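My questions all concern the structure below.
Chain naming follows the written order as A, B, C and D, and within any one chain the residues start at number 1.
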């Protein structure tokens, strides 16, 4: 196996542009895929960002991982149920995900199980312990 | 002496912006560093969703004043990717020129500030004197010293003529000469090298593991530059080197920036010489189709990421911004361990922290931002209440 | 504790040089062309389309209705203005231009409202848009 | 004592070269340091108050006197206040010994030791300020100050003994008068003298806690070190003490290491002596400011290492060479 792209099946690849691959995978597969990505290129990958989106009917978490030897960005999109958004943390595979996961939890309320520093006001003020401002139903 | 909790910030001379670090120190040695971020959290990501694509250009610029060109550049890039808008070649070159001027002034700002953090006020004053010349150039091209408002969707907003190009060349050559001297100072001055060498080590493996970006990553010897890896605008056509140093310490991270200044000057001179003729902008596109786009650029502080979800229409559905400092701050907490109190400013300076960048979303501004259109009467009421109680 | 003569030389030569800093209130800096200062509205050109107000990122432009002339004219609330000049870009008739005025600090925010006087706003001869 | 003598005595003590003069000269020193540093950095420096900003330090002093003083809840206020009153007084006392007119008001055999004692006490007082402030920053600053103090006070004492050995005197006035005659009488002493002059400026820089040794009050690391809690009137007195410390450092090294004064027999000669002493002082301060402007701050461990392993043995070596040469222990001298 030479390219990270071969990890994904045809149906999983949503879109492909120059140096961008958008992939939709299931929640259970995410950790395996990330682990394989890191191992495949001997750690020559880094996490650019984790984007959380509230699609009203569901939540989406998108892991943007840059693969240095391939010069390609892989966007791993995972759908989560909106009423109980929960996913296993990847911070043990890529420690750099720690703060990204905290931020997403803080603003959207997506729980990353296994993240050791996950706590509620991370960047929000102390008084906003129960509010998730980036959810679409948040009243401003 | 037992372990003292030393609190750095939110107000501290070594931090030019509000941020708090709790350092557990044993005598002079740092045992643990715990950051608390979010003091300048302005709710910009939420605000993006309320405003139109055109208004958001200027909002993105306000995430960070220092690297404002990088922010607008990434923003217009993400919009152009989502809407398949092509940009005239002259505009691409002009964008590169202004982006590199921005990098110049940002790196000078940092290196000067760091000289000051080490107590070297003279170097700080001299570097900032030269930075002033660069800012005058930015003012000449864009009409303002700092906030440039230069990039727009589908091109740039102002053109330069040959007079301006000559003036830019002249000033840059002078600055280059000065910088060659400063580089010697950074490389050889005994007090600087003693303070920075071997301080705040971040091994290449750790650098990738903790996902640091930009000069911090290159200072750890990893050859990664968005301008080379993922060329945007015309960086693919311009010859330049990716500067890396492999001593992995604070000194390496500073030297990366010193060398990048010289590289940037060459890039600008090359772009000025090869500036194509033609128009500078396409008609403004206000409406985007349903799309998802991911754009990244090399901001002065490292990789800057914008992730856009559009559902069609005038406003973005979700716009995620990942600024370089947010990625670097975790790496910094690793660098602090085992170093001395005296090294804290040096290490913190070496990641070029920009906390306004890092914390993007406060609710306070958002709430006042809701009533963003006040009539004259409302304003009168508001001010008269404020001034005459 | 060896000192590099390079910086010493530079520092000593600075003694004889003219200081680079300016005494601002007494010496005014040189303003280049195209500086984004206070904007100027050409009331006669304005067609009252409201594009400037719609595109303004900070909501600093309010369309004010002048009843006697039966037309709307933008009013600039400069204390909100970010001086990005998107309004000048958006204006289809180029009625907004820039001036090099930048000294705006004042204790009275009402001085920072650029509002055409009622007598300046003349009724448009034909085709008035609402 | 006749009434005229009494009047002269009072004038000398209170006006010139006594309190008023030393106070104004300390403020002038601050202006000189600020202006010089500004010019080194290609800036303007103070310009607004007075011609070329000459009155700026005085304006700052007066302004600070009227500022609100922040009551420290956990600190030992009485001790801090007491320390800050003693601090400028110590330096004033030391400055009285300097022969401003070729002679000084207070002069006795051994006044050099007195000056060294007074500067030593001042370092202890700075430590006390920091410790009694009970702020983490000030405590760290005080600990740094005290650990640095031993490292630079020993070589300073040893190096100040070099001109004393050369001139066979422990009185500052006598040293200043006899320095050049002794050096010319025994030219072998000149290299020793030059070496000790270079070293003493470096050590004095550490005594003044200026760059590269500005560690105890490193602003970017520990805010202001031991005087982080000082404000208002206390800060005014602290600043005054600091100016006097710089003035003392400049004038002490100026008169003991550059000499060139003599015992004046007429007012004209006294005036000439005064100009020479002032010029020497400003020259030494110029050197100190230059060093400050071309260096970055070192780290405490680096400074301690450098001082204990190099500067102290070197200064002992210089002193012993001076004793050997002066004592005629070399057969060829």
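Observations on the structure shown:
The working rule: a residue touches a chain if its C-beta (ideal position, glycine included) is under 8 Å from a C-beta of that chain, and two chains touch if they have at least 3 such contacts.
Remember, predicted model here, so these are calculated numbers, not experimental data.
Shared contact partners of subunit A and subunit B, listed by label: none present.
If each chain is reduced to the average of its C-alpha atoms, the one that sits nearest the average of all protein C-alpha atoms is B. Taking each chain's centre as the average of its CA atoms, subunit A and subunit D sit 62 Å apart. A straight line joining the Cα centres of subunit C and subunit D is 53 Å long. Subunit B and subunit C have centres, each the mean of its CA atoms, that are 26 Å apart.
Chain geometry summary: the mean Cα position of subunit B and that of subunit D are 45 Å apart. Residue positions of subunit D touching 2 or more other chains: 40-43, 212, 293-295. Touching two or more other chains at once are residues 122-123, 126, 129, 189 of subunit B.
The chain pairs satisfying the stated touch condition come to A-B, B-C, B-D, C-D. The residues of subunit A lying in touch with subunit B in their complex are 15, 17, 19-20, 22, 43-49, 51-54, 62, 64, 66, 68, 71, 73, 75, 94-100, 103, 107, 121-125, 128, 133-134, 138, 140.
Chain contact summary for the complex, subunit B toward subunit C: residues 51-52, 54-59, 61-62, 122-123, 126, 129, 132, 136, 139-140, 143-144, 147, 149, 152, 157-158, 181, 184-185, 188-190, 284, 372-376, 379-380, 383. Per the touch definition, subunit D reaches subunit C in the complex via residues 38-45, 47, 202, 212, 290-291, 293-295, 306.
Residue ranges on subunit C touching subunit B, taken from their complex, read 1-4, 6-7, 10-11, 20, 32, 34-36, 54-59, 62, 64, 75, 77, 82-86, 89-90, 98, 109-110, 113. Those residues of subunit D lying in contact with subunit B across their complex are 37, 40-43, 136-137, 139-140, 143, 211-212, 214-215, 218-223, 293-302.
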